[in-house]
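Common to both upcoming complexes is chain A, partnered first by chain B, then by chain C.
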Partner chain A sequence: MKLDVVEAHARPAARAPASVRDWPGVDLLRRVPGLRALLRWRPLQFWLMWFNLAVFAVFLYAGLFGSPVGSRNIIIVFVWILWWFLLIALLVPLLSRFWCTMCPLPSAGEWLQRLRFIGVREGAGPGRQRTRMFGMNLEWPKPLRNIWLQNAGFLCLACCSALLVTRPVVSTVVLGGMIVLAVALSLVFRQRAFCMYLCPVSGFLSLYAMSAATAVRVRDAELCRRHMEKECLFGSREGYGCPWYQYVGTMTRNNYCGMCFECLKTCPHDNVTVYLRPMFSDTHLKGVDEAFKAFIMTVLALAYSVTLLGPWGTVKDWANGPESGQWGHFALYSAGIVVICLGVFPGLHLLASWVGRRIAGMEASLRDVFVRYAYAWVPVGLFAWIAFSVPLIAVNGAYILSSLSDPLGRGWDLAGTAGVAWHPIVPDRVAYVQVPLLLAGLWFALRTTWSLAQRLYPDARRAISSVLPTWTLATGVTAVFVFFFVG
Partner chain B sequence: MRTGLHEVLAGAAVLAAVVVPPLALHRGPAADRGPARVVSLTGVKKDGAWTDEVVDGTNYWRKTFRSATPVLRRGEEVVLRLASADVRHGFYAPELGLGPVSIDPGKVVELRFRPETAGEYTYYCTEVCGACHFGMRGVIKVVEPGTQAETTAAASCDHAQPDASAAPPPVGVARGARIFRQRGCFHCHGEGGSGGVHNHNYLAGNVPQNNLIAEKMGLFEPEDAQKAIDLLVGRTDLDAVAEPPFRNWPRFVAQTKAIHALILNGNPAGRKDPAGPQPPLSMPSWRYLLSDGEVDDTIAYLISQYPWKDD
Partner chain C sequence: MRRGMAKAIPVLGLLAGAAAAVLLFAGTDPPQDRTITVFARQYAYEPSVIRANRGDTLHVKLVSLDVTHGFYLEGHDVDAAVLPQQAKILVRRPSQGDAETEQDEIVVRTDRPGKYRYRCSHTCGALHPFMAGELIVAPNHLLHAGIGASAGLLLGFAAFVSRRPRAKPEASREA
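Up next is the complex of A and B:
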């Protein structure tokens, strides 16, 4: 049977694996009473989105009409301090892309496409969909079926981060703009095109979801292969076909599963479940675009550590160029970040891959080695981001309580916590948390790339030769992080 | 039908989610201040202003704010709500007995008072908050009940700032002039140091006039003043000068060193009445903002501003 959507959107390596998982997992839907019923309950996603939409409305209003001071405006404090910490340090490592389940950004677009908030609109839809969809329902252009646009978008936002995370109105414009873009794209393209190919947040979620301790998978891949109706893909009266263009029957990675649980609702054989599994169980990057996402995220963790936490006032001034009118310095700062993200760091990784391949033997292509070992930067980058976020929440956490009572910074005291004075929490001990985190990231990187090397070179000596330069680079980068955080 | 009802209810819930929270925030919590008249002033660093306008994300970056001139009736009860739109400011209206109080962003300080005497009362910012700090003041007018008074807005800080696109002038008197404007010295000492503003309960009454320092230095001839300027902008070590170039050389050297130290170290204004309030304006320290060369250029500029008479 030809699965047109899968054929169109899945990456080649994702086709028909022998097994959808090669890791030990606990079937949570069988273990946790009530969880299956909860995840199959159609209104669940609606109410999660609804709650976040209401919160988001507060944020957007506060960004426009609240205090221009970032630390006194709830949009800055809750989005860039609290949400970011919860997302990167807890939600992604534990629950994969569960944020996408409740993200308010694409909610309006999705409701508009379906012309339903909760229910299913049965009928012939675009392609082989069995649910009707409003809008043009065009397919996303083939050359753009990758995460390069997300990489570019995230890099652009990162260059302007000094403004984004300090000026409430800029945050409102960017986040509000993303809602408008998501709605516009939902009227033109099929399903979650914005989330899949454009959303800058989705880009790094897709990368770091590989680390997650939970995963949506099928219990029996053979059952899916034999089952012809593919409701998980094309929808049924129980739910919609996968809005993320994924076929759960062959899905081996978390990257592009938005955890909407539509497949769980539509599967007539109850073959879809949520597994609890070891961290970093997904170990394959499947394209240069994903490898570059790993480079970009690692470099940005470093750049933010230098800019926001470092003692170098000049770097802060350059990053803050748009506010001070020093556009030349800002251009230099941005260009520096872009060159390191897209040139210097990938160049170092390419060199390490090239040296490893030269030492170990030339059977594997340089591209294969380059992409395969780029996985090292997934754990290194993720734990560097967590290590970066720890002082962020420890130092600025007090603002969360005061913003809760005074979301607009107008001197209100709604919950009696406005008077909480700024007080950093154990700033002198943060390094004791950061260093183990960085070392954990390095350990996961070494362990996973060793496993990848063994698959590439069955001979242990050649395997270790091939991966040794990448290990050296990963260790060096981790040492640089330790220097910045502790030195 | 049941599905339809669910969808309608869900739609209503979505509408409520996007409308109700902003509306609730827009209204804000009710505050009971009794019959008192409420006057709100918000400190804005970038413009050096205490504005009575609402300052938020939509206007802070694009609008130029000016200090407000609240007009009050003698004898009425007033609640002055003070807020900051950006950094810590200090509010002080010594003649009305208000402050000094620090105003942090996100915190509102309310001062309740009843003006008993008609007049014009200057208010100040007492925390060095930015480049426009020294001009951050305005006037509260108190009028007799039943009379009208004009509410005039103060000048904005834009007038104080030199053209940012202009290339920095070379060392010398021109740079001293630029510093005198850019650092806001003229706000207290007057244009070209020509006359200081009133400083409540200050020993000398007004902030010292600067353009007469040539006289204090013993520079009684324009030629001597020019030589002194040349020495200062030429970075000459005054202690190493073997042959005094003009009369009153020791006096000039001592005065130059004293003024230089005063600029670097600052000096709190002395009280005329020791039991009275602290004068609102004091000489700040420029030690970490100006180099020795910049201080010398500024002194040279002030020497050049002496109003020589033709005879």
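Up next is the complex of A and C:
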């Protein structure tokens, strides 16, 4: 049994509920007729990926050969307005990482690894050799088994966001480059190394998937413990072992489950299902890298709100430095974002953790308090991102219709909607949606960190003392978001 | 206090915070007539923020410093266009169709408090979708209510949990 080899990729301390009775969720595969059959149907993922890849190819072509004006090019309008809004406001909070099920970026690499589009390439050996993979199939280096590279990648993209979301050719180069990188890595490292450790989108999906109302889990963890074949890990003739190196038998968080449903297909006991559950059910951050992802995402929501939605021309000029040749200002803008993401904001959180620990008592280590309470920034950040995205779709939604008919901005009118004029949808009412969203984020932050504090400090008063500085900081940050959106 | 009623404490805190903040900052200066010249350039307006009081009448003159720019004022049924270095502006009322009139200025009455963005409505370059300025009409109730509600929620939640001495030690929760 090579269980240890595969589980080495998983985060430590993962515990599963003892049985379905401990799980406060609804077993969707038993409740929704046909859902189990659909998710076990092998061609499902292929067709979803294939469709998205075809659409994506059009986007990439449009980026290279279409109009250089972002609002008239489908890659900008569909990726950075429509897709982004659907992803952050609906897909992730409701369906966790379901985007990963159909993501076109790693599709070519995965098909190349398997030398199959749909079927399973069976092997004759034990363990991982039950299925055969093309390529070198190396293990991902141990020191890099974290999300620091994803954090760095997302930060780099964020610094160039003014270019990325407005220049079609830049979007094509970045997104096309990610496909090339995913293919290259699939030939060197086994399974979804790109998705797991490099993809910048995957990084924030992993963080915010913790909030999701759905989760892939086992019905009975004890059954998994006793069952020694572990088809979900190593594969079988029904499917591949988990491409994300996860063992569903002990999985208690959504972070690294790419919802490929291979475990659902391979489990001979029909013990894997999809649960509907309350939002923010996963509350454990398990490393400083994950805590920093939460900081980075929260700061970037603020930075994007200032740069893209704000009225300050100087900030836009600096972010847009490469167009105007102000490279020095662009470097300053980028450095500012990096320093706030990696220094100032984590420093404030560290200070809040330190003060809380001083007041409450010193039993818990500062690192433990720091990482645990960093969870506050998951709901605050997620709802801030949703609040940021609402005006994008409300103000620029009309471009979706026009670019649908004229994807390259060449004067076509394929669906008769090219002439739809730009007209914002109730833009002056957007703020009335944003403020409740921000308050909802704060509410979830207070509730989840209170639960975490109680686990850290048995005494309620000490628990409150320990988390109060973090609550105060979260409230302050929420107020800052309110100020930027409506003040 | 019953447990069901106690659960309402955070909500009451939120509402109380919002109401207190709105009442605290309810005052505003008397209305006045003002003339403001707004300069538009890629991808910003100057002034980027116009502050007004409820009831003011703003006479907005628009000047473009580079290419053709628009001036779509949220919530006020105003969409204007200005060509480079021209004093006249083309103004239309979006609710009344595409008919444009040539004017010297845009007249805006700030009857409703809050924040309203003015946006460029004529494609002017790469960052065109993000070219915006802000008209802030005092008293900005939503801003005060939002910040007050945040503080009230914090206080209400802290009050709610502080009256529950129930302990949940780590070991018993995760065993």
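The definition used in the following text is that the second predicted complex is superposed on the first by the 468 of 487 C-alpha atoms of A that agree within 3 Å, B and C clash if a C-alpha of one lies under 4 Å from a C-alpha of the other, contacts with A are read in each partner's own complex, and residues count from 1 in each chain.
We adopt the following convention: contacts are C-beta pairs under 8 Å (C-beta built on N, C-alpha and C of every residue); 3 or more make two chains touch, one makes a residue touch a chain.
What you see is a predicted model, and the numbers here were worked out from it, not measured in a lab.
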Touch check for A:L439: first (chain B), second (chain C), both, or neither?
second
Can A:F117 be said to touch chain B (first), chain C (second), both, or neither?
first
Touching partner for A:L308 - first (chain B), second (chain C), both, neither:
second
Once the shared chain is lined up, is A:S71 touching chain B (first), chain C (second), both, or neither of them?
both
What is the contact status of A:V486 with respect to chain B (first) and chain C (second): first, second, both, or neither?
second
Of chain B and chain C, which one touches more residues of chain A?
C
Quick one: is A:V58 in contact with chain B, with chain C, with both, or with neither? Answer first, second, both or neither.
first
Following superposition on chain A, which residues of chain A contact chain B and also contact chain C?
68-69, 71-72, 167
Which part of chain B faces chain A closely enough to touch in the complex?
3, 6-7, 10-11, 13-14, 16-22, 25-26, 28-29, 55-58, 60-61, 81, 83-87, 105-108, 164
Of all residues in chain A, those that touch chain B in their complex
43, 46, 50-51, 53-55, 57-58, 60-69, 71-73, 111, 116-119, 167-169, 172, 325, 402, 406-412, 414, 418
Contacting residues of chain C [partner chain A, same complex]
10, 14, 41, 43-46, 48-49, 72, 74-75, 94, 114-117, 119, 121, 123, 126-134, 136, 140, 142-143, 145-147, 149-151, 153-154, 157-158, 161-162, 164-170, 173-174
Per the touch rule, the chain A residues reaching chain C in their complex are 15, 68-72, 162, 166-167, 307-314, 316-317, 320, 323, 395-396, 399, 422-424, 427-428, 431-432, 435, 438-439, 442-443, 446-447, 450-451, 454-456, 458-461, 464, 468, 471-472, 475, 478-479, 482-483, 486-487
